[in-house]
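In what follows, subunit A forms one complex with subunit B and a second complex with subunit C.
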Partner chain A sequence: MLISTILREEKPALVAIPVSIVALAFAPSVVPESIGISLITVLMFAILALSWTMFSGPTGFVSLATAGLFGVGVYVSAILRDFLPIEVLILIGGAVASLLALAIGMLTLRLKGVYFILFTFGVASLIRSSVAWWETNVNGTVGRHVSGASNEVIYLLLLIIFAVALVGGFLLRHSSPGLALQAIGENQEAAEHIGVNITKLKVLTFAASSALMGMTGAVMATRFRYVDPSIAFNPLFSFLPVVMAILGGLSRLYGPLIGVTILVVLQEFLIREYPYVYLLIFGLTLVAVVLWLPGGLVELTQRLYIRLKIQWIKMRMRITRFRRIRQADRR
Partner chain B sequence: MMESVIDVVLSGLILGGLYALIAVGLSLQYGVGRVLNVSHGEFIMLAALATFSLYTVAGIHPLLAVAVVAPLLFVIGFALDRTIFNDLRRTSIDQDHFEGRSLLVSFGLLFVIQNVMLSFWGAGLRGYSILNTPVTILGHRYGLNRVIALVVAVTASVAFYLFIRHTRLGKAIRAAAERPDMAEALGVNRRRVLAICFGLGAGLAGLAGALYSMMFDIQASRGIELTVIAIVVVVVGGLGSITGSLIGGFLLGLVIALVNFIEPSLSLVAFYLIFVLVLLIRPSGILGRQIHAD
Partner chain C sequence: MTMLEVSRVSHRFGGLKAVDNASFGVEQGEIVGLIGPNGAGKTTIFNLISGALEVQEGSITLRGEDITRLRPDQISRRGLARTFQSPKLFTGMSAFENVRLALIYGNPERRFSHEEAEREVNRLMATMGILSDRNKRVRDLPLAGRRYLEIARALATNAEMLMLDESMAGLTSRELKQIMGRITDLRNRGMTILMIEHVMEAIMGVCDRIIVFHFGTKISEGTPAEIAVDPVVRAVYLGADS
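And then the complex of A and B:
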């Protein structure tokens, strides 16, 4: 899409994106420390949900490989932490994750629908069990200790990755590759006929969005401080971002962010004392959203907004009619 | 050498019988209703925990408890299909859309059922020992409970196969799976058949769960492992093929028994490797997409 069109049609986003990033940059120095730590969780899930949505949102190919791609980043960081600075680890983590995604993408070209979902889940589980086997049988350990980084550093690094994800997601929505992805989601055959190189586009988008997941993993390893396969490749890292994104709504860039905020706040309140209740609510949310709210909260607010607007117009019409009658009476 | 071959084959068959039983319910639910129910393992675990409680609290023998647990799960499954999945079927654009959405909903159910179980039974390992006197088959000793489980699993699978193949309802189920519109035109009440299928799938999970609790320690959070086993078996046998999932169960049981014999720590890796390779090389599995046996 032309820059002029973006400037004309997306003014709110052009303001909102830089403002939110600057606001988040200053947030830790303003809010109490406990909330600052929660903000790290928010950012982590925000990146995962945004990057998941980049590929799965427009194409409709639901990927459950997130835990695998994130976990690979965690392990890259855990293994090399003592030898390289964290900035380099992030780049390596991202590169390894996107290479892995490239391989997954090339292998899954033929798979559609549930087969794709199952395959991505299978690959993530295969990586997890392979790493677990390698660690126990070759290295003779279950987990690894990682020397931690300070919360400020972790937050800042995640914020930078988040900014990249946000800007990347925005550009993807407003570029011809983004529209072509949308076309694939709506009708793959038709998209192919109008000249979209389906294979290349899907694989590259998947790989690029996975790089962000690997980078996040590389940062989070220094936050976990101790990693083992069940932490790094926790299947919840595959499921939570999906539910967050769907709850918020995939049709807008900010949709997943709404879902992330709600579920992370819920998690922070409930996970310590009532972990089962949290996951129970999580499951019910997933069922309810898929059943009754396919467009997520974004669509719900849009529907409410339109209804309010209609009411507002009706009211104004009533007022004008009333005025006219009164004027007629006066005459 | 011969001894170990016999041992691998026998333990493979015992494992395979359990795999087949775990998988056949899932296979039915996907084959007819097109619901890839990833909460299947949770249903199994629910049945296992219920059997455990019936035995330890009320003293009801697990083989009798099946008669309570399986019908109960049938009712739950039937109700779920009538409400949630029927709604989804009505509001979905096409088959692919429905399959994707029902998969997500069943992920939701997974978390719901799992956490209900966790709040009710806690996270600890539960188990009881029953009928574990060893019996000797071809010079190898196996627990009586495992042998009984194998016998029940095979009997149930064969009975189910005959039911699908020869009874009126079985024929209606197959018709609804293969040509939904045609079946409906011929007077099959499709909604009812689909709900019965989902219920039967859950009921088979109930049977599998009761048997599972006799053989292994159970834990509320372990359902997902069973789901993965069931999915792998079903994919190996061919999504939607009931005969395929029976064959797939025994095949996988033999392979895993072999891996266990050579290098036990690799069995999980082997498991996922088989899964991923089958999806890559032959996504339709051994028997492809068909509900009946040829």
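And then the complex of A and C:
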């Protein structure tokens, strides 16, 4: 049923997804090096925003645990980098983040609304503090140096994870579990009473999306080259993907990607031009997005498109009426 | 055959005993009405049977199987479906998608092809007389349409027993007659129905048996004719002197 639904309803996406992945694969070879480096940041946030949207988008359960799950991946890579190849580290980072998400899910997914948000944020802070304590008291260090990988390797690996996130997000949106997640977001009680095992579905989706976050962390550790808890578990990794996804719009798969591109470009511009106030401006952007763009740019564009279409139809009706009057006058 | 058996069930909300030692049964193919003044514990009983609330004392069986400790999704998959006092539909989806989702999750052992699912959803929507609304968003449906859609969605879970929580509230007299007809049709096709209702015309018109609750306690049980003349019920509804 999934395949037939996609073939019938989503032909443009079947072209757009492979084209965008191929275009991104060739992008570093045709754009200046500075933009190529920015593309790494774009891909990192794109994966985080897409994976956050997989669970939080349809269900409305806003998770702020992203920094914790990403940071766990970073630390897996930092600890094991000298012993294992990066491809294996990615898989381990994803698995550890996923297991952690399963535990968080079991504890928190019965919570609702603001309690869930606070709990996930608290869990991310708890992981950060625990790692900081462990590093200081057990290993006697603050941070770790990580053997780096080349930008080309990092970009390629992130692109592969991005492709998985994009295709996974697309399939989820068109599958029965995707529809059930939407049902949970709209009315959890009703979803439960039509046979949806809501706890299982929520926990598994949360764990699967968290695996992508951990994998991304494992790759990014080789780009950071030096990690400590304040870098790996930076709360911005929790907040920015949420703002980016909401700015772009959650109703479409490409919404978060639009938000990511705009905010990464804005962030880099602000860091370069206004390094001391960029966080302030970012904060104001968050407030503006939540207040005036709850449906994101996708919804805004759709609304504008409908308005323009109505105006266009009205104009054509006026022209037709005018022509008829003129023809009648001639007669 | 007994479809549902509620035995000595009690439930407290803090110091308030919402349901007190309630026992009753529903036979297969019966329409049983659950009535009582506001606060009588009717919806709490529905919530206990459907798994939305945890049973603190007593037991509930469905076709002889103990469902007392099961979750709502497990109970739903065992053939007991319910509607809500104020319809709880997925408003961002179309009417068709609401029923399709219930069809898929209510029948996990079956894999529907797209065509099979569409045919089945269309059949269920036609049963409730809302096939022409299939592509409408839920928010665009009138109240009666929402009530029918909620019943169609409950039926899609392959239900053998339906619990209808005030499905006739707020309907016009014409709509009321229509929904009463459709509920009777469902029973004629073998469906067992337990319904909470305040519309006495409907309760008296379609129910085989009526159970009356007051302050969480069952005070009477009988046919509509017996309940209509029961002095205890009359006292509860009309005052002690009546």
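The rule we apply is simple: the second predicted complex is superposed on the first by the 325 of 331 C-alpha atoms of A that agree within 3 Å, B and C clash if a C-alpha of one lies under 4 Å from a C-alpha of the other, contacts with A are read in each partner's own complex, and residues count from 1 in each chain.
What we mean here is this: a residue touches a chain if its C-beta (ideal position, glycine included) is under 8 Å from a C-beta of that chain, and two chains touch if they have at least 3 such contacts.
If you're wondering where the values come from, they're calculated on a predicted model, not measured in any experiment.
Of the two partner chains placed by the overlay, only subunit C lies in contact with A:183; subunit B stays clear of it.
Contact with neither subunit B nor subunit C is seen for A:12 once the two complexes are overlaid on the shared chain.
Between subunit B and subunit C, the partner in contact with more residues of subunit A is B. Contacts of A:111 after superposition on the shared chain: subunit B is touched, whereas subunit C is not.
Look at A:140: by the touch rule set out above, it reaches neither subunit B nor subunit C.
Shared contact residues on subunit A (touching subunit B in one structure, subunit C in the other): none found. Considering their complex, residues 1, 4-5, 8, 176, 179-180, 182-183, 186-187, 189-198 of subunit A touch subunit C.
The part of subunit A that touches subunit B in the complex is made up of residues 60, 62, 107, 110-115, 117-119, 122-123, 125-126, 129-130, 132-133, 136-137, 235, 239, 242, 246, 276-277, 279-280, 282-287, 290-291, 294.
Against subunit A, the residues of subunit C that register as touching in their complex are 50, 52, 71-73, 76-77, 81-82, 84, 88-93, 97, 100-102, 104-108, 111-114, 117, 153-154, 156-157. Looking at the complex, you find that subunit B touches subunit A at residues 36, 84, 87-88, 96, 99-101, 103-105, 107-112, 114-116, 118-119, 224, 228, 231, 235, 239, 265-266, 268-269, 271-273, 275-276, 279-280, 283.
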